[in-house]
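The structure under discussion is supplied below as structure tokens; questions concerning it will follow.
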């Protein structure tokens, strides 16, 4: 089976990573590539790392150019996916790397994005309970945000097993590619190298309701999330440090057992051997999430740390993985599980 | 008044930073410089950034070489300060950058350092309630750990004003110089650039009881601390993200007022204007701590972020500041409040 | 055809990169993995990015453990390959990533390495004139040094076409992984981040005679090489800036034509479109060399800049590419031509 | 003597570094601070590292706001200095950090900058033969470019002593702050971290004629310069690798003696002890240039490597040093000679 794929937003970081992965996918043929401000330019000038596509020229992002493919990946700014998707027929698999169709509650969407809610699509994090089944055969996929991917993988086993209280405290660090390719002064190399800073503190980051939605669904009760994202001097990678008060009787052994059980068959999530902690460098360019946990009896908390590559498992890898599931292909097809290190 | 100063451990990062600051201190004359494995080598080979001291040669770390100075800075591995200090007379001001004399509870020391407790010296964080007075005229100073400096400055106003519950959750990131100059494989540039990882998770880091001690003293009750340190790809800097549940009735305005009041007269701690968040790059090489806070009503928490340079305010700057207080010199003498940025 | 492969020195950077590539090679089955100081440890602890091999345990580097494979990659310290190779039969393809068999002149070897010369093997840079033919069917391969790979690819077309005088001036920058995984103080993250420095200046670097050998062979006359390597704050990548005086009548157009002709059929070397300059980031993890050239009429020089990943095309990728050629497999098999960027 | 100083362009990197140094200058009082697009904003928001000036507000860059100061530093885009300077009286010391008044030949200016030549001011590199005398008492100073500072210091002793042929080959690497604070996509942290690239190759960089001018003046004959600049992943620092063919009879000893003699009394240039090579990290934030040289007899070349901080000795430090000379103050006043390392 050869799947013909188009990518809208091919000049950005998410679109570029989708293409990097598709180039290594044995069942994919890469079709139309579109961009808006960069239409007419060669991909070689915009994404010089994608050697085999260097001669390809970007077309404008128009539905008629995306139509006629089996799969269309949307890597567009938030708010643009709904219109494009509407014009693509129901027979096209549309995988949206944007936020538009992630949230179930219209009021969450409106509070954090300030525009009318476009709807909800099956959620592209197959590891969450029930998610894989919902993705199978679906023609629409909402790829999770990068932080919610890391955090949900880190905490869902704890909430599924009832290990912790429904108040999670999360501090996560992201490499700069998470902020995209738009040239903003605070993202200049001179500003970020040798420096680290928080942003969106106090509940304002748009990924907050998405995390709460995922964890609440697993817990079967409303989980509150205190989320602080920070920007660190590296191009890729998310390290999420997640913790919550443990419920009575929970100890390290019980927690470990619950995680091993929940993750046993997951090809892309690895609970590290005891004593080894995740480093983002180990998943550079890989679709893998590395986890480790500790119980702090003095503080009465379970701490789980997850490392992912924000562009791979956190965006484009999750998107391709979901495409595989939706199309009935082997879930691991074309997805690297080795990082590029050191 | 000219103060004659010796530095033990002059070849390491802490000792080097002490010297960098002392070179800019108008009342200091730099005397003996000692090191152990590097005795006999020139400082120019070991600390090439200290141009004016390039010709100076390291002596072995022996009390008789340190004696005869007004002030001795100890930048030695944990456990070595007590013996050196004993041999120096009570008339010498000994400023210990190590951990030996920071903890008040012998059982804390023994649990975390595994050796007999050497005692407790006045604590070199003048901003803490009562600390400045205890330092004045003292001949012994225990310089705080780098993480406890950042965390204590971030949270003491909240505990002093009773804003939050006595359970703090702290995730802090440090540049690699915090791990010292010893060549260890996981600290190689190849390993740390482009990667981030946690360590000492679950309550195991030695700075944990020091933070709890400081915050408990201010709160007047036992404060539990969940502390997760992480290593980020930058040479210097600590960004500490600290949070705790707010007590009933506390809001952003009340919190801000309490912080403004607590920090009003501090020359080295700056609560940033609303909306501006601290970046470690802004305090590169400076003795300044930058703070900002947010109240998250949905999660019911107060979040305070502090940025310091781990080697300056977090170690050597705090040491020189404490020396100034102990000697009755102006507290700000010789201490930069401008960072080297970008 | 399935090729059974062993890797000696699997815990280092070169060995790890060989394994990363072999994991993606469709005709390879990974057999014995050996190391010396790390024998008995799991690969998961030593190379956490190689997820699929995490459970594999390192054996000691002994010929009897390497025997019985079709191919053995040696990623050992210089001087250790000859003995291991001797014990492996002539039917085993031995690909040596070390320097032992690169140089043709015994006196060059002895002057730069200070030990007796072990011999010369077919040289694993298939792009050099004649090299590909020499590799076909060979059972021994000497993989080039990382700098000589970049420099030889950058300049061989100029010398093949007689464009420039036989005096090359080369300044090359390498990421820190080029210096290996041994913990040395000057390679600590704290030392290399935010800093850049030269080493081996004045002709002392061991890769100098290898470059001169390659360029002289192509030029048909002795080419002198002034080579200055520098260390830059990035984990991977070599950027080689190479120049030489142009011969009379040579201009930019003639130079470009000569390069296009020389590189026309090379799958792993790409002369960029005019106006686009190579960045090492674009070949992160890829087996690609990117080239660009300029003629400076005022200075009378041709300047060629090459970017490679020192661990991929500069070491392990070149090794796998040479294995493919030696075994008669398609040369591009299992070798990425897309970089991991940003 | 207290000197009242204004800074035009206070929101950029050069202007910020001028202010950082002026804050530590004992004879300076900081007056008007101007910017164009940022007028009306507080310096605390734009330059958060300049704590003591956080409350100061930027005025528009207008001559009437700059008038009435003893010294005006101009850190403006190229081409804007002439007009501002004209409106300031001849009694005001104007120190121009831009390029406008550096070049002596109008045709050089026009070829590289494409606008009419504004004139030539005394050149702010006091270490060059004759330059210090020309600066004394001058009311106009043209601060050198950052690359020409490093390269001229590296090579002027060789040309002054007739050690080398008049064809210099220079490859220099710069931290990203050299490219300024304007947000351009290729300067994003995501693009520059982990990557290195050249630019302006083949004689096109605007600093080329300035280097040739300086070296030619010292040599007493026209020196051709092949200059290749590269961008490296660090915020600050220039490492310039400079070489030229040695004249007959020149060896390492003769070269060293010539450099020692030429630099003997210079407070800000240090020829390192034999065997020690400059690292940019050692001059982070310092006004020091570190040099080392090697003679390569096989290649027949003298190689000199210089490390400076592009913003300090390369721009703002050179500017303040020149101000000191012009005003008759001690040349070293307010200028750090210790770097911030690691």
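Letters A, B, C and D mark the chains as written, and numbering starts fresh at 1 in each.
Convention: contacts are C-beta pairs under 8 Å (C-beta built on N, C-alpha and C of every residue); 3 or more make two chains touch, one makes a residue touch a chain.
Chain-to-protein mapping (UniProt): A, B, C, D = N-acetyl-gamma-glutamyl-phosphate reductase.
Fair warning: this is a prediction, and the values are worked out from it, not measured in the lab.
Colleague: Could you check if the interface between copies subunit B and subunit C is built from the same residues on both sides, meaning over half shared, or from different ones?
Modeller: Mostly same residues: over half of the interface numbers shared.
Colleague: Would you indicate which option in A-C, C-D or B-C repeats the interface seen between A-D, with over half of the contact pairs matching by residue number?
Modeller: Matching more than half of the contact pairs of A-D: B-C.
Colleague: Could you state the distance in Å from the CA-based centre of subunit A to that of subunit B?
Modeller: Going by mean C-alpha positions, subunit A sits 37 Å from subunit B.
Colleague: Find the geometric centre of each of subunit B and subunit C from their Cα atoms only, then give the gap between the two centres in Å, rounded to an integer.
Modeller: Distance between chain centres: 45 Å.
Colleague: Would you mind listing the residues of subunit A that make contact with two or more other chains?
Modeller: 13, 175, 177, 181, 188, 190-191, 193-194, 233-236, 279, 281-282, 284, 341-342, in rising order.
Colleague: Flag every residue of subunit D that touches subunit C in the complex, lowest number first.
Modeller: Listed in rising order, the residues are 167, 169, 171, 173, 175, 188, 190-191, 193-199, 201-203, 224-226, 228, 230, 232-237, 239, 241, 243, 277-282, 284, 292, 294-301, 303, 305, 307, 341-342.
Colleague: Please output the residues of subunit A touching subunit C within their complex, sorted ascending.
Modeller: 13, 16, 20, 23-24, 42, 44-45, 47-52, 54, 177, 181, 193-194, 235-236, 270, 272-273, 276, 279, 281-286, 288, 290, 336-342
Colleague: Touching residues of subunit D toward subunit A in the complex: what are they?
Modeller: Listed in rising order, the residues of subunit D that touch subunit A are 13, 175-177, 179, 181, 183-185, 187-194, 233-235.
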